[in-house]
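Chain nomenclature is as follows: A, B, C and D, assigned in order of appearance, with residue numbering initiated at 1 for each chain independently.
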Amino acid sequence: MEKKRRFHIEYGDHGILYALIIFWIVLIITNENFRGLAFFQTILTKASLNAICGIGMTFAVISGAFDLSIASQVALNGVVLTLILPKIGIFPSIIVILLLGVLMGTINGLLISKLRIPSFIATLAMQMAYRAVAQLINSSPVVVDNSGFKKMATYKIAGIIPTAFLICIILGIIGTIILRKMKLGRDILAIGNSQEAAIISGINVAKTEIMIYLIVGLFTAASSVMIVSYLGSSNYGMQSGLEFTVISAVVLGGTALIGGKGSIFNTIVAAIFLISIRSAMDSFGVDSYWQRVVEGVILIIAFSITEIRNIINTVLVKRKARKQLSVQKVSK
Amino acid sequence: MSKRAKKFWLIWDRIGILCILLTVMIVFGILDSKIVSPTQLLTALNRAAVSGIAAAGMMFAICAGGFDLSVGSILSLTSCIIAVQLTDGKSTLFAIVMAFLAGGVCGIINGLLITKLKIQTFVATLATQLAFAGVTLVYCNKAIQLTSKVNTQLKFFSTGKLFGILPMPIVLLVIAYVITYLVYNFTSFGTKVRAIGSNESAARTTGIKVDVTLILVFVVTGVSAAIAGVLNTAQVSIGDPSLGEGFELDAITAVVLGGTALSGGKGNVFGTLVGAILVVFVKMGLNILGAGEAYQKLAVAIVLLFALTINGIKLIMEKGDK
Amino acid sequence: MKLRFLFPVKQVRIDQIKKRRVNMKKVTSILLAMMLMLTLVSCGNSSGETTSNTTSDTTNDTKSTGDEGGSANTGNYTIGFSVYDLSNEYFQSMMEGVEAAAEENGVTLITHDQKSSESELVTGATNLINQGVDALIVSPCKPEVMSTIVDLAKESNIPVIILDIGDGGSDKDAIVVSDMYGGGQIAGKYALSLLEADSVTEGEFAIIKCEESAVYAIQRGEGFKSIMEEAGFTLATELVANSDTTEAYNAMQDILTSYPDVKVIFAENDNMALGAASAIDEAGKTGEILVFGFDGNESAVEAILDGTMSGTIAQQPVEIGRLGIELAIQRINGEELEFDNPDTKEIYADVYLIDSTGEANHEFTVE
Amino acid sequence: MAYIELKNITKTFYGVKALDNVSLSIEKGEVHAIVGENGAGKSTIMKILGGMYFADSGEVHIDGNKCSINSVSDALKHGVSVVYQELNLMSELTVAENIYLHSLPQKVGIAVDRAQMNKNAQALLDEMDVKFKATDFIRMLSVSEQQMVEIAKALSHNSEIIVMDEPTAALNDKEVETLYRLIRKLKKENKTVIYISHRLKEIFDLTDRLTILRDGSYVGTYVTKEITQNKMVEYMVGRKIAEYYTTAEHEPGEVILEVKNLCKENVYQDISFTLHKGEILGMAGLMGCFREEIVKTIYGLLQADSGEISLSGKKINPKNPLDAIAHGIGFVTEDRKQAGIFGLMSVRENLTINVLDRISSFFWIKGDEENALLDHYTKKMNMKYNGYYQKINSLSGGNQQKFLLARALASNCEVLIMLEPTRGIDVGAKAEIYSLLEDLAKQGMAIIIVSSELPEIISNCHRTLAIFNGKITGDISKEEMEEAFIMQCATGNKIHLGGEPA
């Protein structure tokens, strides 16, 4: 029991997991498209790309901020990756990209912690800047001509598990370890709870903030590698709007935008949930205009579910109190 | 912090952004005198009217401690409504009233989600951004050209001259900012918005109807986006479901450049106006100089970072003071 | 930034309530899923019906057409179509063509909207392949992604037909393209003829461009440029307006300032041409400056009739869509296709001029 | 029937009863005190009357009419205005705007009549005899001035019923006198004042009758003149108390902390004192007298302009709390909710947050050591919680405070600074914290307590520093400690520097 409680409390509520499982079961029953393994493999692969970004973003959101520049970071990473891949090979390129991610994250972090620019604005400005740099480096699309690299994201290990998903899970575990088992993670959680209290507890807030954006940059770089492999190409205009999809997934996973708590596991599940919704809408032939409406409405319902629950709870508590009171009166 | 420094920052808060604008103008003027010619400056103001008016509404949202990311979609929606109504043969006035109504309704929806379901403004308006865009497409899925036949009256908003000399967009922009200034400083609504942004729980304790005020704030944002939509539609003579994509970030950029704090409570009406003009001006200048899109993006980013860095320096100095 | 948003979530909880909350959570998640399904099913019906109807209706039709050539067993065929973005008029027309042809040929059609997102394109196409389509038709939002999709399709032996935009160097079965370069040239020739009528033989022209990454659209501008420069006109400037009406409107104003003598504007798509035309109209220079677009959208034709635009190069999205289905059926049946350019497996769809009368004008052609 | 009747009010917070079937009645035109210990439910019942909370059950009658008060506006409509314990002011607004925020004077239907508003506000402020102007911004005012604005705000509504919840906590002598005058004037105007205060003197000075609450239940209503102070305290606490609780005599050890001539412009000047091992040093003063700033400087949260701090004879210059912790200084904040606990984190994470380096190897936090640490302090301090992973914000205030204390101790500090050690916690936990502090002192810990509750300082501290306006005005030894005397020093009326032990 203690073990179970611990999992539950430390790793968050699992409402989104139940919702996903139920949703999948219903899909499998109602739509024959969903009865093959391939369909889920596609969903998991695509969701993993967002989820890997989401792992980094979870750290930012837990600290009470977010990073709007990730889509442009992906674009810059992607453009550089396709440029260097033919020259220096797969593994060195990946390392270069990860370093580039760290660099961009550090720049964001410095702007936010040292120059005291609010994260929203700093990352908004860097969103424009990174995309512009990508455009200056190469304004035309590039197709990757390296079949090994292209297979990386979609290859199915043992014919079942897509590599991207496996990497996402591994990175998710690493992220969870950082968040739960390392001082850095505790500091980030603490800052999200109360910056004042964090300062009083002797946490170096500036350093931790830089680390947060560095982590975001690192995970975004990892995701960029997978995205370029998945698309087999790069383009300075790629993945625009990704930041909002990722933030939606993070918030849907129960990480409060005001910070202080969050769960990487739930972020991954939420990313899968969002992609499942889209795929399901396609499979049911939902009109593409209505798809946007439905997605918006689903997000609203999901975001407000805590409050709806609170309202129901208060009503229940009040009703109970009233009942007790009337019972007392009768007994008198 | 010395008295002198304090005075400097006080002045900077008021006109710092104007200084940046003037500097940019001088630099552009040196590079190419055409950019600062009176006609071109008028063009810049004309162009700034669209994002400027939306920014005025956005300022209230930010001042109350929130955001409205759905203004872009509201702009598209109003654009389509106007186009459909006009091509249906309805009067221009009717079309505009419908557009304002739509903007207001969108605002009410946003406000209700935020106050009654307690969704944070960022994600609530992010979701409605998607939903409103979808609704726009369901309502009208293709661009509608407004031919000169149906567009004469509407066109007045973009090319008309009040009393024969004053270009309408600039008149609208000025009216919008005068109203904003008055509302912000001299009405109970403006005071309440500042109060909520400054300290929401205290505002509740004081007996302000916070929910009602917040819903009103989002109605203001929605309607101002609708006005921007009318103007934009008049300018490009087209009702387009994708007209407002990315527009919300323009508006937010203008507000933030203007010195309104994202933490709420402190707005800057004049600064917002100058901020809107500054963004337009930088892009316009680079366009005329023939600099590519990438450089325009970089320039806006740099201006944004520069303005906020100075603000950051102020914060650091103030903190050192304590 | 400290994002103290308007309403921090209530923080204090007590254990007793927590127990109830856990149950509530399950209940609400079930509710959420149910609601989702309801919306999906209710929304799905409207558009889902057409597809299922076509299947049942057309099985009979195709039997009657019998053994005549390719469309023998089309009744059992399922074809997937992934479209660029249905919020764009051009692709709505293409979708119409695809749907009409699918119905005529008795093919079950599964559609997918990329919504201009490249990862959505890959995911959607993969889903279509997983659903066991017999052929895949794509009009890609980012052509460079096609090679990945073609590779995937090849694994399942599914032929891929690309409609318009570009193939991104992929090993597709066929690509139906409008001749972008040629289209630009036609616009140039028509512009020259109009200028000649006004006895203008030299001057400046400007081009308003789509995103720099849109390789196919750049071809249009290049074609236009080649003709104009040949005739002795000089290129004043090329501005990027990201296919956006408002940006084109702004860019046009700036062109008017910096190059007041510009005579001709070519916009790489109609949306931008409309924005530019509006700016010119406001400057009171309608008629003095010629505006040409590309695509042949309804809205552009109206603007031409209205006099603000001088012409546009019409593509034939409906025809392209139709052709896509026909080619796909031929490929499924294992037939060899007839290419206009066998090296690149290109099949050209005609582009033609819509002149200042708003009518199609076939006088001007590509050499 | 009395003017105000509260009938059978019950209020539950997350399963804990804050008010249990409380009824009270208040006559028109009287000054009525509500007294009780922390957590007795005084503030809660006034917040229900003021429309901040809804009662789960019960009725409110004013002037014979049953009122349903659902919001602050409703309360104002029924003629109830409240001065809350917490300051509820908007720092970006002017004094006048804050005062009239609820009902801004209007002209032409929509515009705020600024001139009128400022004039009215200034008139109100003049009557209150304060230094600041109606057009000043709140952020420019001191805490006590802000408190006066709060009072002005309540008076501005011209309500029939005025509730004051601890209005004097931040006020100096002169301001308190002003308040006395205002209340007497209100009484003359036949208005009803409900007065909540910790300071028994004020209660006996001002009020006609008083109602005593204990642990959310009604104890009784008495005529103030007919009840003795001891009796009242007895009713409040619920048991007989012979004397104040006092710490045992002690032999001060060697000097551990020495502060010399610490200055910070516009904050504090020339602060010098010493702290010995095993000594509990109190710091008394009014709110806004900058005593917090002095200890925050020692903890590295603020930087002094000049002066020095030495620890065990070694000069230190803590630049940030991290430095201070490394030097062995522990700190427990007064603002538990905002700056103390990490509400959404577990009790274990809250305890170990500043010793993570010590208990991790290769970046990996060792769960066993964390648990051991938690178990150790649980045994020592008797915290009550439900498993290692319970979120700390579901604990009671007393338990949270113990966790904060444990957090400071876990970093092996030698000097412990505690601000308001028992603010907002119940009687039982209070006593436990006092005895904990005494134990710590016995083991040689040097402790500084900053408190607004003089009885707390008198009963616990071996020595007290009185601070007035950023200066030390009193150094008072155990024998000389007396409420009135300390207050005189802390309000700048007397300077007494004689408490330094040999």
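Just so we're on the same page, a residue touches a chain if its C-beta (ideal position, glycine included) is under 8 Å from a C-beta of that chain, and two chains touch if they have at least 3 such contacts.
Model, not experiment: these values are computed from the prediction.
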Intersection of the contact lists for chain C and chain D: A, B
Most remote chain, CA-based centroid, reference being chain B: D
Chain pair bearing the highest count of C-beta contacts: A-C
Length of the line joining the C-alpha centres of chain B and chain C, rounded to whole Å: 31
Chain centre separation (chain A, chain B; CA means) in Å: 30
Centroid spacing, where centroids are CA-atom means, of chain B and chain D in whole angstrom: 44
Of all residues in chain B, the ones touching two or more other chains: 118, 120, 122, 137, 141, 262-263, 292-293
Residues within chain A bordering two or more other chains: 118, 120-121, 135, 139, 256-258, 287-291, 294, 297, 306, 308, 317
Contacts with two or more other chains, residues of chain D listed in rising order: 343-344, 390-391
Complex contacts: residues of chain D adjacent to chain B: 51-52, 71-73, 75-76, 84, 86-93, 97-98, 101-102, 104, 106, 110-112, 114, 153, 302
Touch list for chain C against partner chain A, complex: 1-5, 8-10, 17, 20-22, 24-26, 28-30, 32-37, 39-41, 43-44, 46-48, 51, 86-87, 110-113, 115, 117-120, 122-124, 126-127, 130-131, 142-145, 147-148, 151-152, 168-170, 211-213, 215
In the complex with chain A, residue positions of chain D that touch it: 10, 12, 56-57, 299, 301, 320-322, 324-325, 331, 333, 335, 338-346, 349, 352-354, 356-357, 360, 363-365, 387-391, 407, 411
Interface residues, chain C side, partner chain B - complex: 1-7, 9, 86-89, 92, 212, 237, 239-240, 242, 244-246, 249-251, 253-254, 257-258, 271, 274-275, 277-279, 281-282, 297-300, 302-303, 305-308
Chain B - residues contacting chain D, complex: 182, 186-188, 191-192, 194-195, 197-199, 201-209, 265-266, 322
